[in-house]
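This report refers to the structure that appears directly beneath it.
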Amino acid sequence: MKLFEYEAKTILAKYGIPTPQGGLATSASQAKEVASKLKPPVVIKAQVLVAGRGKAGGILFASSAEEAETAANKLLNVQIKGIPVKSIWIEEKIQIKRELYFGITTDRFNQSYVAIASAAGGMEIEEIAAKTPEKVIKLLINPEYGFRSFHARQMATKMGYAGNQISELGKVLERLYCIGMDYDAELIEMNPLVETVDGKFAAADTRIILDDNALFRHQEYKKRLLEGESELSPQELEAMKNDLAYVKLDGNIGVIGNGAGLVMATLDTIQYYGGKPANFLDVGGGAPSEKTALALKIVLSDPNVRALFINILGGITRCDEVARGILEAKEKVGVTKPMVIRLVGTNEEEGKRILTNAGIHVLESMEEAAQRAVEISKQGDK
Amino acid sequence: MGIVIDKNTRALVQGITGTQGSFHTKLMLEYGTKIVAGITPGKGGTEIHGVPIYDTVEEAQQKSSADASIIFVPAAFAADAALEALENGIKKVVIITEHIPIKDAVGLMAIAKQAKATIVGPNTPGIVTPGECKLGIMPAHIFKSGGVGMVSRSGTLTYEIAAGLTRNNHGQSTCLGLGGDPITGLNFIDTLKMFASDHQTKAVVLIGEIGGNLEELAAKYIADQKYPKPVVAFIAGRSAPSGKRMGHAGAIVTGKTGTAESKIEAFRKAGVSVAEKPNDVSDLLTKLI
Amino acid sequence: MKLFEYEAKTILAKYGIPTPQGGLATSASQAKEVASKLKPPVVIKAQVLVAGRGKAGGILFASSAEEAETAANKLLNVQIKGIPVKSIWIEEKIQIKRELYFGITTDRFNQSYVAIASAAGGMEIEEIAAKTPEKVIKLLINPEYGFRSFHARQMATKMGYAGNQISELGKVLERLYCIGMDYDAELIEMNPLVETVDGKFAAADTRIILDDNALFRHQEYKKRLLEGESELSPQELEAMKNDLAYVKLDGNIGVIGNGAGLVMATLDTIQYYGGKPANFLDVGGGAPSEKTALALKIVLSDPNVRALFINILGGITRCDEVARGILEAKEKVGVTKPMVIRLVGTNEEEGKRILTNAGIHVLESMEEAAQRAVEISKQGDK
Amino acid sequence: MGIVIDKNTRALVQGITGTQGSFHTKLMLEYGTKIVAGITPGKGGTEIHGVPIYDTVEEAQQKSSADASIIFVPAAFAADAALEALENGIKKVVIITEHIPIKDAVGLMAIAKQAKATIVGPNTPGIVTPGECKLGIMPAHIFKSGGVGMVSRSGTLTYEIAAGLTRNNHGQSTCLGLGGDPITGLNFIDTLKMFASDHQTKAVVLIGEIGGNLEELAAKYIADQKYPKPVVAFIAGRSAPSGKRMGHAGAIVTGKTGTAESKIEAFRKAGVSVAEKPNDVSDLLTKLI
C-alpha cells in the first residue's frame, strides 16, 4: 500500500525527521490559506500515487499565497498520468545545498532489510545505481539487532560527512529505519533527502510503501485503503476486498486462473500467440463458486474485454466448484462475451460434466485454449 | 532419495484442525507421508484422521520426535508457529501459509539460519519426493518418481509443468516450491546445490517468475560453478507491467529490476535452456537428457 | 523504581490484561464515590510501596460504599510499616477459583530474562519455590525473539490448563511480557493472577519494578520518582538526584566511601568490630569536592549518627579532591561529629597534607580506622 | 600470559575524547597498553595523546586492526558501541560504563555469545595483566606481576585487596572485574575456567558481593570440578539489609536470595577459604600456597 506524500511526511515529522513546513488542501482557497501561513516561496504538490509526478506537471511553485491559490486551482483540475488530483500539499521551498538519497527495502537473497544511501539523490535509486554505482552505499541489516546508530553514522561517513553532521545525518537515517520497522514498510525512502544551505538535513520528499500483508497491524491505513482514495482502480479494490488478485492491463482478453504463476504464464502464452490480455486475475487456491462468479463479474466490468479465458488447474481448487461458479456468474452477471475454458485437475470430470451439460465447451490444453482465445479476440478486427 | 524429505521423514502438522490443515493431512496420509502428530492449541488430547493432536509442539515432540513440520496456521501466527517448531528441535519446516508480513519472515529466517534449519516457503505448495513423502498441498497424481529435480516460485504453474513432465515420462526426484513471497527460506541456489549432490536427480527444472534477482543469481551460480547437471528454466511474467504485484507478494517488477527479460537473458547467458511456454519444458528436457 | 499498584494496574489494563474494576482515592469521601460506582463487595488497598502490605493491615474489605468510606478513612490515618498512606485503591472483589503466579525477572547466569509461573500463587514466589518447587515453571527467554505466544501457551499448559483456557491465559502472560519489555521492568509479576469462577483470568494484584538505569526512556515515571511520592526517604532521594548511592541503615556510624564493594566491606568491617553503620553511601568514582561535601551533608542529616567514617581508596577518585570536599563540608555544613578518615591512593600525599594542615588526622589502614570509628561511636554509651 | 589480555593486545578506546576516556587513555598508554586508535563520532581525523581518532570503528579497524576495545561512552549508547565493536570483528570488549539498562545488556550478551566474543563488564574497573596490559581504570601502582588470578564484582574493594596482596608479595597474573551490574559478560565460572588453564596463575582470589547466585554457582563448580588451584573468597555485604540496592545495580538481596551468608556458606561447603575482612585475604593465601 502506497502512502500519500502528506501521510508519509506526517509520520516522518512525528519521528523527529525534519520536513519542510507545510499543509494539506483540497481546494484552491484552502491552499491559499495554508500558503499564507508559510514562508514563501512555496511548492504545491499534487497528492497522487504515481511515480514521476514532477515530470508529469504535478509539482508547481509559487512566491505568494495568491500564486499558490492559482497553482492549486490548476492542479486540482488536471489529471496526473490519468489520476485526478483530489488533494494538494503546500510546503515551504527549502534552500538546498545537496540532494541525497536514503532508503530501506528488502534484500531477497540475504533474507533481510537493506539500507541504501547515496550522496547523489533526486533521481530514482536504480538510475543512480546505473549512472554512478560507486556512489551507492549498501548496508545489510542484521535482523537480530537492526539498523543501529553506529550503522547510521557509518553510512553518513561514507556519504562524505564529517564532524557534527555525522550524528545529525545519522539520527535522520536511524529514525527512518524505526519508521520502516514500526509501520511494516516494504519500502521507505527519502528522495531527495537534502542538506540545506545551513548544513542541516531534511526529507524534501519521501515515499513509503507499506507491506500489504502487515496491514492487519496498521488498521488506520487499511481503513484508508479500503474506504478512501488509493492507487487502486475500483476493480482492483473490489478484488482486494474479496481476496482476489486483480491487475488491470490494456488488452482485450479477460483472464482468470488459479495461482499467480499459472495466470502469469497464461498471459505470457496469450501474448506468445499474438493476443493481448486485458487483466491478471488470480482466484487463489480452493476458491468457492461465489468467488469465481465475482472474478467473472470484475473481469467483465472492463469494457475492452472481447473474450474470456478461464484457465484452471485444480489442486486445492476443485474443478466442479469452478464450473458451478461459472454457471452462477452466467446467470447472475449475464456473461455475454465468448468464453474459453480450460479445466484440469481435482474433480475434473465433474467440472467438465457440469459445464458440458450447460452447453459450454471445455478444453484440456492450455496452449490450445490460449490460441482459441486469441482467435476470438481478433474476430472483431476483421 | 531426493532432497529435504524422504520416506523416513516424520512430520508434524501445525494448524491440523483448520479446513486446509485437516484436508491436506488426509491427503498427505493417503500419499504415505508419516504424519506423527498435529498441533492445535486447545485441541490437545483429541485426534484427527487417526493423528494425535497436542496443544504445543513441545508436548508433541516428547511423544512423536518428528523431524519436520508443515504449517497451515493463519498468517499473523505462522512465523510464531515456525519458531515453535525450530525451538523444539525441528530442522525442516514447510510453511504453506500465504500473506506472512515481511518483517516476520525476515526475523524468522535469521533464527532459522542460526538453528541451521531448512525453511520451505512461506506461501509455498510445499515439497514432494514422489513415491516417498509429500509435505504440501500439491495434487499427488501429477507426480511420478524419476530423475528430474524441480524448483519453483509458483504453485499451479509447477503442477502444469510437472503434469507435462509426467505425461512425457520425465519422473521427478523432488519437486520443491520456494514460495511466492519476497522472503523465503530457500532460494534457487540453495536448492540447486542440494540437487547437485542428490544421486537420483539427473536434471533440474527451474521455474522462476518476475520480481527480485534470485533467478539472475542462480544463473550466475550455474555459470560460475559449471553446474554438473542440465537445467531447463521457465520464467513467468513476460507480459507483466512494472510496479504491479502479480498475485504473489514477490512477483513485482520494480523500475527496471525483476523483469522476465533480465532473468531469461541471464539464464541464456549461463547456457541454460529457457522454455517459451510451460509445455515446452518437457521437450527441452528430452533434448538435454 | 517501584510502581504503585494503581500505576501498574493502569498499565496492565492498557495492554488488555483483565484487572478488577476500580479507582483511586485520596480521601474517604472520594473513596465512597469510587466505591458507589463499583459492584460490591469491594477491596480497599493502601497504596504504599512496601512488601507484605496485606499482613500489615493495608487491605480492607467493604460491602457498601459507606463501609468503603469508613475503611478508607481508617487506612488514610495509619502507617503501613512506617509509611503513611496517602492514597488508596478501591476495586471490585473478584470471585476467585484459583490463585496463580506469573512473573518475569532477570536470570544473571544465563544473561537473560526468565518467565516464572506457578499454579500455586498468592504468596511470594520464593516461598512457593521453597514449599512446592515442583509447581514452579521456569522458562528462559531467548533475547533474540522474546517470549512468544507459543511460550505463553506452553506455560499455560504446564500450569494445568486445557482447551480455550490455554490461549486465554497465554494472552495474559504474553501481554505481561510485552509490558515488561516496553517499560524496561526488572521485575513484573501478577501475584495472584487469578482464575475467576467463570474460568477467566485476571491480575488481582501486580508488582512492577522499573530498571532505574532505563528511566531515561520513561520520563513520566522518572518525573514521578523525583517529584512525587516514592519508596525513597528524603535523604535517599537527594542522594539519587546527585548520583550518590545512599541507603539508610539503623546504626550510628555514618559511612562514606568510594565504590559499592568497598563501602559494603566497610560496613561489614564496622560490624565485625562490634559497631553499627548508620548508612551506606557510595560517592562513586572520580567524585569532585562538592559531591563529597554533599555526601557529608546527607549522612549528617541522620540524627542517629555519632561518628563519621570516611573510607577512600583513590583510583579515579583523587584523594586531594576528597580532602577539599571534607574541608568544604566542614565549613558549609558544619561538621560537629567526630570524623575518622582513611585516605589512600591517587594523590594520597596531597590529600593527607590538606587534611593534616586543617588539623584532621588521617589513617592508612581500613581496619584500624574502622576500629577507631567503632570506639568513638560507643563513647556515648558509657 | 594471564587471561583475556596480554602484551600483544591491540586496543581501541571508544569514547576516547570524553573526560574519562581521555584521562584513562593517557594512563593506559603510560602503563604500556597498545592503544592503536580511538573512536569519537565527529572527531575523526584528529588525535589525542598521539592516538589517531576515527568517526567509526569500521574506519579504525581498516587502519589499526585492533583485537580489543574499551568503552567509555555514556550508558544510553554503550551497548550500541559494544555492538559496533563486535560487528567489526573485535572479540574482546571491556565496558567501563555504568548504568546500562538491563534490556540493553541482555540483548548485547546474546549477540556476543553468538560472536564468541568476551565481554568484560559493564560497570567494571576493567582488566589488568600486570606488567603487560591494562584495559581499565584501576590505579596501576597497586598491582604487580605474579601468580594470583583475581576476579571480582567490585572496583575499589578489589584495589583494596590487590594492594594488600602486592604488599605481601602476592603478585597477580590477571585481575579482572566482572562488573557490578546484574547482567555482565563474564561470570565467576567463566573466569575460573580461564584461570584454571593459565599457567601463570597459581591461585585465585574471588571477590563476590550480595545479589544473585553467581557465587553459589561458582562454589558448586569448584566443588564439582575439584578445581585444580587454591581459591580464597571474600564476600561483601554481610551487613546489607534486604530489598536495598547497595550502590551496584547488581548488589541487592531479594527476599532470602542473594545474601552474603548464602554465598559464604556455599564457598565453605566447597572447601574454599573465605576471608572475614578484606585484609585477611592475603594471609589466607599465604597459608594455601
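Think of it as A, B, C and D in the order they're written, each chain with its own count starting at 1.
As a working rule, contacts are C-beta pairs under 8 Å (C-beta built on N, C-alpha and C of every residue); 3 or more make two chains touch, one makes a residue touch a chain.
What you are looking at is a predicted structure, and each value in this text was computed from that prediction instead of being measured.
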{"item": "Shared interface partners, meaning chains that touch chain A and chain D", "value": "none"}
{"item": "Separation of chain B from chain C, taking each centre as the mean of its C-alpha atoms, in whole Å", "value": "54"}
{"item": "Where chain A and chain B are represented by their mean Cα positions, the distance between them in whole Å", "value": "27"}
{"item": "Rounded Å distance, chain A centre to chain C centre (Cα mean)", "value": "53"}
{"item": "Chain centre separation (chain B, chain D; CA means) in Å", "value": "50"}
{"item": "Residue numbers of chain A (touch at least two other chains)", "value": "142, 144"}
{"item": "Numbers and ranges of chain D residues touching at least 2 other chains", "value": "107, 110"}
{"item": "Touch-based graph of the chains, sorted into line, ring, star, complete or other", "value": "ring"}
{"item": "Chains grouped in pairs wherever the two touch, ordered by label", "value": "A-B, A-D, B-C, C-D"}
{"item": "Chain A contact footprint on chain D (complex, rising order)", "value": "41-42, 44-45, 55-59, 77, 80-81, 83-84, 87, 107, 110-111"}
{"item": "Footprint of chain A on chain B - complex, ascending", "value": "20, 23-24, 75-76, 99-107, 109-110, 113, 125, 137-139, 142, 152-160, 163, 180, 182-185, 187, 207, 209-210, 212-214, 217, 234, 236-241, 243-251, 254-257, 260, 276-279"}
{"item": "In the complex, chain C residues that touch chain B", "value": "142, 144-145, 148-150, 153-154, 157, 162-167, 170"}
{"item": "Interface residues, chain C side, partner chain D - complex", "value": "51, 106, 108-109, 111-113, 124, 126, 142-144, 181, 184, 186, 211-214, 216-217, 245, 247, 249, 257-265, 267-272, 277, 280, 282, 285-286, 313-317, 344-346, 365-367"}
